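Quick heads-up: structures coming right below.
Two complexes are shown next, each including chain A; its partner changes from chain B in the first to chain C in the second.
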Partner chain A sequence: MTNPTHDYYARSHHDHDHAHDHDHDDHKVPNPANEHDNGPPGEYEIMSRAMQELLEQKGLITAEQVAKRMEQFDEEFPYRGAQIVARAWTDPAYKQRLLDDGRAACAEAGVMLEAERLIAVENTPAVHNVIVCTLCSCYPRSLLGMPPTWYKSRNYRSRVVFEPRTVLREFGTVLPDSVTVRVHDSNADMRYLVVPMRPAGTDGWSIERLAGLISRDMLVGVTVPKLPA
Partner chain B sequence: MSADFSFKSTYAPAPVRRYNVGDKVTVKRAFPPGHRRTPQYIRGKQGVIERICGAYPNPEELAYGFDGKPEKVLYRVRFAQSHVWPGYAGPANDVIEMEVYEHWLEPVKG
Partner chain C sequence: MSDTTKLPSDIGGEHAGPVDTLDHGMRHWERQANAFRSVVQMTKLTCTDELRRAAEELGSRYKDMEYFEITTSAMRTVLLEKGVFTEQELQAKMAEVRARFNVPDEMESPVKKGASMVQK
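Presenting the complex of A and B:
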């Protein structure tokens, strides 16, 4: 994913043209919350960092507590999308319910979503779907867990809308021109799930075995499931 | 987590609305200040209503602590990539879709 010509962070590091007067030498440990961001920090991010540093200096919180809390987020939002999609692969009626009303279908499987609506979009031999949130990083966390680093990057968010095929190729997903690429900008109240195509040669597989083929990235649409070679 | 099988979707089909699936619309080319969920790159572009998402509290009001009432109808609009990005490198049938609130849309005649 890291292409220096598109990587603002790489350039700003070389030029050191930060748009703020923040003394980086004060940082003993880089803030892990900012690892994902390859643009200059925004006003709120700077305020948030400053607040954390102040609270640490006053001895009210420790960096370890902050790191621990971030780990807890991962535990609170486990990745459960594979089970849902594997069930849809084995049960056409369930798949239809998932496509009709994703939130209700997830609830039926015991996954309660925080978003008002989940829109499930199905990959077919004619259409490939890919999800992005250009405005921030909207993501169905209660279904897919915490969003991956690349999903929140400025690189992905800015490029996948206007050169989706190039970005997909960088993920190893090469699509012929006969396949329509359908980009979904998750820009307001809906959340999205890509239902990938079930690979050939998996007839008779159990839901558990099928779920083992399904990674998080496939449910955002940047990769597709394949049988192990 | 225990499953709640009595759960019903909150999906509200928004019976009072201006547009229907298939209608041609243009996103307003406006640049008001404040919290807006309409990306800059789509303003002024023409698309087709893909689905009606329902009516939701207006995020432009919620962002500032108001109650977001009256609720606004939210649509998904499909745009041709070749229209959105002059010089788009992919095939002509590639599309991009996103959510646009009704007050950001204008009808296209014909």
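Presenting the complex of A and C:
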């Protein structure tokens, strides 16, 4: 299943660095219908392309819209969550607004969310939060990009709700027994974002530097931020 | 539907194996399918709830299908129901796309697992 030439995150990081050096307007957007994976296409790949082309012919969508959306999922969306959390770490009033109304706080930062509600849940020394969508894969895509493979997997969705500490250990995260673990089950209208604890020893750090400590997995709650050793 | 009937997607609380914590990324076609779905939803031709209902109706086929196979199948169901295109139009376009890939025939092609067509 892994295709190194199409590794999503490898590609997105490359493009992200690249994007800062160039004016986006004269970026040549590749037409997704002209690219393909190695090996023969599956029936669903053919079906998906055929549906896109039919809708283009009927004037309902354009190839440029789809190409643009692919680019956003690669280059923009995966990096927004870390920026928002790093800002919350440096600005207590903003953090409070984020916890009070996640959607409004994201809008304030220029991020429009697709779901009705965003509920930001804060980790503390006493409480650790984890996010799942047991029914499918609801996820704050505008903040974190596409969910990783494991978030959509049967094993994660089935188990994290009843044995979260065991699942977290599989991610290398061991929580003291004294910490309460809360698991939040997302749905289409209600998405969650974990606000991790800011690591000690980061006083005076800029938002950019703090954001560099924050990974997607931390914002889902399966790992916690640490200072590099 | 009785209260005790669980939908195929309702798996929270079931026993299952260890989590593969590596992100395997997305294949190109999955990125296309994802962006396509996102754009279609922006046009208001359909919405998450309609697509979820179509996915849940896959029943016993659900567990053997990959994530974007499920979403693509659901998109097909909803767009056919709404008359956005007909089954004949879709079949003709799929034949055109298949020919572009130079795949000889649906039945003979070395397509990936779980790639059998979903017929209503």
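The working rule: the second predicted complex is superposed on the first by the 150 of 229 C-alpha atoms of A that agree within 3 Å, B and C clash if a C-alpha of one lies under 4 Å from a C-alpha of the other, contacts with A are read in each partner's own complex, and residues count from 1 in each chain.
Everything below uses one rule, namely that contacts are C-beta pairs under 8 Å (C-beta built on N, C-alpha and C of every residue); 3 or more make two chains touch, one makes a residue touch a chain.
Everything numeric here is computed off the predicted structure, so don't read it as measured data.
By the document's definition of touching, of the two partners only chain B reaches A:Thr180; chain C does not.
Of the two partner chains placed by the overlay, chain B and chain C both lie in contact with A:Leu135.
In the superposition on chain A, A:Arg191 contacts neither chain B nor chain C. Of the two partner chains, chain C is the only one that A:Met47 touches; chain B does not reach it.
Of the two partner chains placed by the overlay, neither chain B nor chain C lies in contact with A:Lys95.
In the superposition on chain A, A:Arg165 makes contact with chain B only, not with chain C. Number of chain A residues touched is higher for C, counting chain B against chain C. Judged by the touch definition given at the top, the superposed model places A:Arg87 against neither chain B nor chain C.
Contacts of A:Glu108 after superposition: chain B is touched, whereas chain C is not reached. The contact surfaces that chain B and chain C form on chain A in the two complexes overlap at residues 134-135, 161-162, 185, 188. Residue ranges on chain A touching chain C, taken from their complex, read 1-3, 6-10, 32-33, 35-37, 39-55, 58, 60-61, 65-67, 69-70, 73-74, 132, 134-137, 146, 148-150, 152-162, 167, 170-172, 185, 188, 222. Chain B meets chain A in the complex at residues 1-5, 7-11, 37-39, 41-42, 53-54, 56, 59, 74, 76, 81, 84-85, 88-91, 93-101. Chain A meets chain B in the complex at residues 101, 103-104, 107-112, 116-117, 119, 134-135, 161-166, 177-178, 180-190.
If you check the complex, the residues on chain C that touch chain A are 7, 9-29, 31-36, 38-40, 42-43, 45, 48-49, 52, 55, 63, 66-69, 72-73, 75-76, 79, 84-85, 89-90, 93-94, 96-98, 101, 103, 106, 109-112, 114-117.
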